[in-house]
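Structures incoming, each one as C-alpha cells.
In the two assemblies presented below, chain A is common to both, partnered first by chain B and then by chain C.
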Partner chain A sequence: MTAHMASLTAEDIAEQRLRTPWAFGASGRTRALRWAVGLLAVFYLLYLQWLFDFDKLFTGLSRLFVIVRLMVDWSGFADWDHPALLRAMLETVAMAYIGTMLALVVSVPLGFMGARNIIPARIFRFFARRLFDGMRGLDQLIWALVFVRAVGLGPIAGILAICVADTGVLSKLFAEAIENTDRKQIEGVTSTGGSFLGALRFAVLPQVLPVMIGQTLYQIESNSREATILGLVGAGGIGLRLSERIQINAWDQVAYVIVLVLIAVALIDNLSRMLRLRLIGTPARAA
Partner chain B sequence: MLELVQLSRRFGDKLAVAGASLTIERGEMVGIIGRSGAGKSTLLRLINRLIEPSEGRILADGTDVTALRGKDLRAWRARSAMIFQQFNLVNRLDVLTNVLCGRLNRMSTARVLFKMFTPAERVLAIRALDRLGLADVAMNRADALSGGQQQRVAIARALMQEPAILLADEPIASLDPMNAKVVMDALLDINQRDGITVLTNLHTLDTARSYCRRIIGMSAGRIVFDGKPAELTDPVLRTIYGDAGVFDERLTSTSLSVAAMPAMAR
Partner chain C sequence: MTQLNPTDDPAYRLFQQRFGAMRRARSTETALTVAVVVLVFVVSAVWTEFSPTKILEGMPRIGEYFGKLLSIEPTRGADPVPVLAFGHIFGGTKEPQSIAYWFYRFDVYARLLWQTVQMAILATAMGFAAAAVLCFPATGTLLRLRPVVFVLRRLLEILRTIPQVVLAFIFVWPFGIGPLAGILAIAIHTTGALGKLFSELNENADLRAVEGIQSVGGSWLAQMRYGVLPQVLPGFLSYGLLRFEINVRSSTIMGFVGAGGIGMELKRTIGFNIYEEVSAICILILLVVVVLDLASERIRHRFIGHFV
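Presenting the complex of A and B:
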C-alpha cells in the first residue's frame, strides 16, 4: 500500500534512501561539481576562441552600431536603382526555381536507378550512389565558383551550381524513399498481372510522390535563400548587388536588399506550404 | 482445372513446399489448413507465380503455367487473382483506383503510365465495389478504411481481374470475427454465383469446416490431407497440426459459429 505523504517520517526517507539510493538522484555536491566542471569547460572553450578578448568585442560592437545606424537611414530611398534590384531579386528566385526543377528532372530517373529494389545489380547501384555523393559532397558555393569560371559571371553559373548540388541531394533522398516503399503494396499490384512499369506507376510512385514533392519544394525554398550567397561569388542575382553595396559601404541599400531577400523567402515559404498541402494533402484520417 | 504436379520450393536448405500434387476442379471452394510455417502461403504464391517453384509444374487447363514468361506470365497472374492477409492495397491511392488496378494487365503501357481508365472500366469497378457494399467510400484513400473494408476492396480488385481462380492467403487472419464473416461470405458468394474457383488458406479450422466442402491439410510443406470436412477426425488433425498433447479444436479458432458469438445470434 502506498503511504500518505503526511505519514512519511524522516526515518522512512532515510531508510528508503539506504535501500534504493538510485531513486534519489545525485547528491547536491555531485551536482554542483558537475555544473562547475561543465561551466569551466564552456568558458575555457570560449577563451580558446578569443571571444574573451573584451577589447575586440567592444570596438567591434561600436562599429556594428555605426553600421546599424547607417542601415536604418533610408532617406535616399527614392534614388536607389529599384528596377535593377527587383530584377536581381527575381533573377535569384528564378535561379533557385530553374536549378531545382532541372535537378528534379534528372533526379527522378537517377533515384530509381540508385534504389536496391528497382535495380538489384550491386555494381550499378554502387556507381550511382558514388555519383550522388560526389555531387552532394561539394557545396553549392564551390560548384558556383567552378561554373563561374566555366560559363562566366551570371545566373547560368548559379543555375548549374544549384542543379548539380541538388541532383546529388534529391537523387539520394529519392533512392532512399524508393527503397523504403512497402513491398506488400508492390506485391498487390504485381499479383493482378500488372507489368513492372505498372507496379512502379501504381504502387511505388504513390508511395514516394509525397517525398518527391515535399523535398523539391523544400529545396526551392532553401535554394532561394542560398542563391543569395551564390551571387556573392558572381553567379548572378541579388547577391551580386549585395556585395557591390557592401564594398561601397552603402549600408542603407544593403539593409534594403536584405529586407527584399527576407520578403522573397517568406513569400516562397508560404507558397510552398500551400502547394504542399494542395498536392500531398493531409494524412488520411480514419473513416 | 488446376493441377499441381510435384511442386516444390526451397528456401536455402528448407523445403517450404515439398512435392505438392493436387487437382482442383473448376468452381471448387477449397480451404487449406495447417500450422503457420506449413507452407500454405508459399503454395498460393507459387500458383500465382509471385514465387518461382524450385521443382514441379503447375498446369491450368492443360497449359504449363510454370513455363510462362513475360506477357503470358502476367496474363496468368491476372487469371489467378490473389488477396492477402495484409490486404496489400496501395495506401495512398483512393479505393476506386485500387480496384481499377485489377485491369492493369489488359492496359496499354501508355494508359498505365498516364493512369487512363476507360468509362467502362470505371463502371465495372463501381459495380464491384457496390457488390461488396463499398460504393460510398470509393473516393476515400485506401488506408482510411477499416481492415474489413480494405479486404473487401482487395476482393473487388480481384473481381476486376475477371479471374478463373481466386487465391486467398489468410484473408481473415487480420480481421475481427464480424468482418471475418463478411469477407468469408463474400468469397463464398463469388464462388457460388460467379463460378470462380476459390482456394483459401485458413488458420481457423472451424471456418474451413463451415465454408469449404474440400479441405487440404499441410504440414512441413507436404500435403497430408485432402478430403471432406467430415473426414477431419482427431488423428487426422494430429498429423496436420502436430501432436500438441490433447488436441483441442478451439485452439485454432477465432470462432465464427453463431453459438459461440452471442452478439451475432441476436
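Presenting the complex of A and C:
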C-alpha cells in the first residue's frame, strides 16, 4: 500500500484529475470564487440590516409578547359576535369557490389558445402568454384594491380579483399541460376522419383533464387561504372583521378569527384531498 | 362470403350489455359531479350576493376604470387623453403622453421597488436559514423522537397557514410602520413553507450514508451534516430560489397594511385616484416580478440542473 502510494507521481495525479475531474475537489479558483460570492452575500445581508433596525426589533419583541398574552386570554368568548364571524368565514370560502370556478371557465379556452400544439402561430401564443404573466404577476390583493375602486366594496370585488389572478395561473398551467400531451392520440382521431374539435374532445381533453381537476382543487384550497385577506382592502369576507379587530386592538378576537381561518383551511384541505383521490386517484398536487 | 350478423352472437350481446351498463354508470357519476359543482356554485353565489345582473351592471364601470388607468389629464379638469401617443413618447417630463411624463416619479418608485426586493431577499434568507435548521428534527425518518417531530410539523403548518398580510398587520403594532414588520411576516411564512418542502426532501434522502456515519460513531448532528445535507442541498437551494420569486410578489403588497415597500405608494395612489400613477406603478411591479422570475429560473437551471 505504502509502496504503491510512494510510486504515485504528480503526473499520475494530474492524469487522473484529467480523466475523472469529478472525483477531485474543486480547484483553488472555483473555491475562491465560491467564498467571494458567499462573503459578498453575507456582507450584503449585513448591509440590509439597516432595514432591520435591531433596536426596534428588541423593543418590539417585548410589545409582541404583551400582544400574545392578550391573544390567549379568551375570557370574553361568550360575548363575541359569533354569527357574524361565521357568516364572514363562509362568505370567504364561497368567494374563493366562485372566483376559482369562473377562472376555470375562462382558463380552459385560454389554455388551449396558449398551447403550441393547438395554435402554432407564434405571435399569438406570445401575446397569450404575456397576458397570463400580467394577470399572475400582480398579487390578488392589488387586483382586489383595483376592483374595489371599480365596482365598490363587497364580495364581488374579491371574486373578480380572485378570478383575474387565477385565470393567469390556471391558463398558464393548462397551456403547459396541453403542450405536454401525446400527439399520437390526436393523430389517431384525425386519421379516422375526426374533426379538429373532435380531436380536442377525444384526444387532448382526456389527457389533460386530471391535471385540470387537480390544479383547480389546489387553487380552491390556496384561494380560500388567500381570500381571508381580501377583506383587508374592503373586498368582502372575514378579512374585514379581522382588520376591524386589529385596529381596535381586540387581540383575543383576532386570535379567535385566525383560529377560525386555520380550521376552515384545514377542513378544505382535507375535503379537496378526498375529492382528488376520488376523481383522479392521486392524493398529491398533480403538477 | 357469408354475411355475419354480430347481433346474433351471444358474446357480442353480453359485451354490449356490460359496456352499456358501465357507460351508464360513468355518465351518471359525471352528471352527479357536475350537479354538485353547480349546486355549490349557486349556493355560494346566493351567499355572496353574486348575480349576473350585478356583474353586467359593473362591467361598464370596470371598463371605465381601466380606461382611466391608461389615460392622463394634461391639465386639471381637461379631457383625459391616452397615457402614450406616437410622436410624444420620447418627449420630456413637461410633455403629456410621453413616457417621462407618465413615470415622472420614477425615482421614488425605483427606491421603493428596491426596498421591496430587499425585503424579499432578507425575508427569504431568514426563512431559509430557519427552515434549514428546523427541517431535520421535523423529519420522521431522521429523528426517532416522535413527539418532537409531531410538534415541529404542526408548528411549521401553523406558520405557513396564517396569511402573511395578517401577520404583517399584527406586527405593525409592536414593530411600528416600516419594512421590519413585513420582513418578519414573510420570513415566518417562508419558514413554514420551506420547512415542509425541505423535510419532504429529507424523507427521500438515502439513509445508507446516515447509517455509515452512525456506524463509525458520528453524532446526530454529524449524520445530518455529512449524511443528509449533501444529498438535499441542491433541492434546498432550488426551492429557496423558487420561494424568493414568490416572496417578491408578497412583499409588493406588504405596504397595504403599512409594512413597507412599494405597496404603500400603490395604496395611496389608488386611494387618491391618481390614475396614471397607479398604472405606472403596476407596470413597474410587473416588470420587476417578471425579470426576477426569469433571472431566478436561469440560476436554478444553470447551477442546480432541472431539479424541480
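Here, the second predicted complex is superposed on the first by the 225 of 287 C-alpha atoms of A that agree within 3 Å, B and C clash if a C-alpha of one lies under 4 Å from a C-alpha of the other, contacts with A are read in each partner's own complex, and residues count from 1 in each chain.
In the analysis below, a residue touches a chain if its C-beta (ideal position, glycine included) is under 8 Å from a C-beta of that chain, and two chains touch if they have at least 3 such contacts.
Nothing here was measured: the structure is a model prediction, and the numbers come from that model.
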Who does A:138 touch here: chain B (first), chain C (second), both, or neither? second
Please indicate which partner A:64 is in contact with in the superposed arrangement: first for chain B, second for chain C, both, or neither. second
Partner chain in contact with A:182 - chain B first, chain C second, else both or neither: first
Looking at the overlay, does A:210 come into contact with chain B only (first), chain C only (second), both, or neither? first
Taking the superposition on A as described, I'd like to know which of chain B and chain C A:202 touches: first, second, both or neither. first
Of chain B and chain C, the chain that contacts the larger number of chain A residues: C
For A:117, is the partner it touches chain B (first), chain C (second), both, or none of the two (neither)? neither
Contacts for A:191 in the overlay, against chain B (first) and chain C (second): which applies, first, second, both or neither? first
Touching both chain B and chain C, residues of chain A: none
Per the touch rule above, chain A residues touching chain B in the complex are 182, 184-185, 187-195, 197-198, 201-203, 206-207, 209-210, 284-287
Can you name the residues of chain A that touch chain C in the complex? 45, 48, 51-53, 56-57, 60-61, 63-64, 66-67, 90-91, 93-95, 97-98, 101, 133-134, 137-139, 141-142, 145-147, 149-151, 154-156, 159-160, 225-226, 228-229, 232-233, 236, 239, 242-243, 246, 249, 254, 258, 261-262, 265-266, 279
Given the complex with chain A, which residues does chain C contribute to the contact? 33, 37, 40-41, 43-45, 47-50, 54-55, 58, 61-62, 64-66, 69, 115, 118-119, 121-122, 125, 158, 161-163, 165-166, 169-171, 173-176, 178-180, 183, 249-250, 252-253, 256-257, 260, 266-267, 270, 273, 278, 282, 285-286, 289-290
Partner chain A, residues of chain B touching it in the complex: 48, 50, 74-79, 81-82, 84, 86-93, 97, 101-102, 104-105, 107, 109, 112-113, 115, 137, 140-141, 143-146, 149, 154, 157-158, 160-161
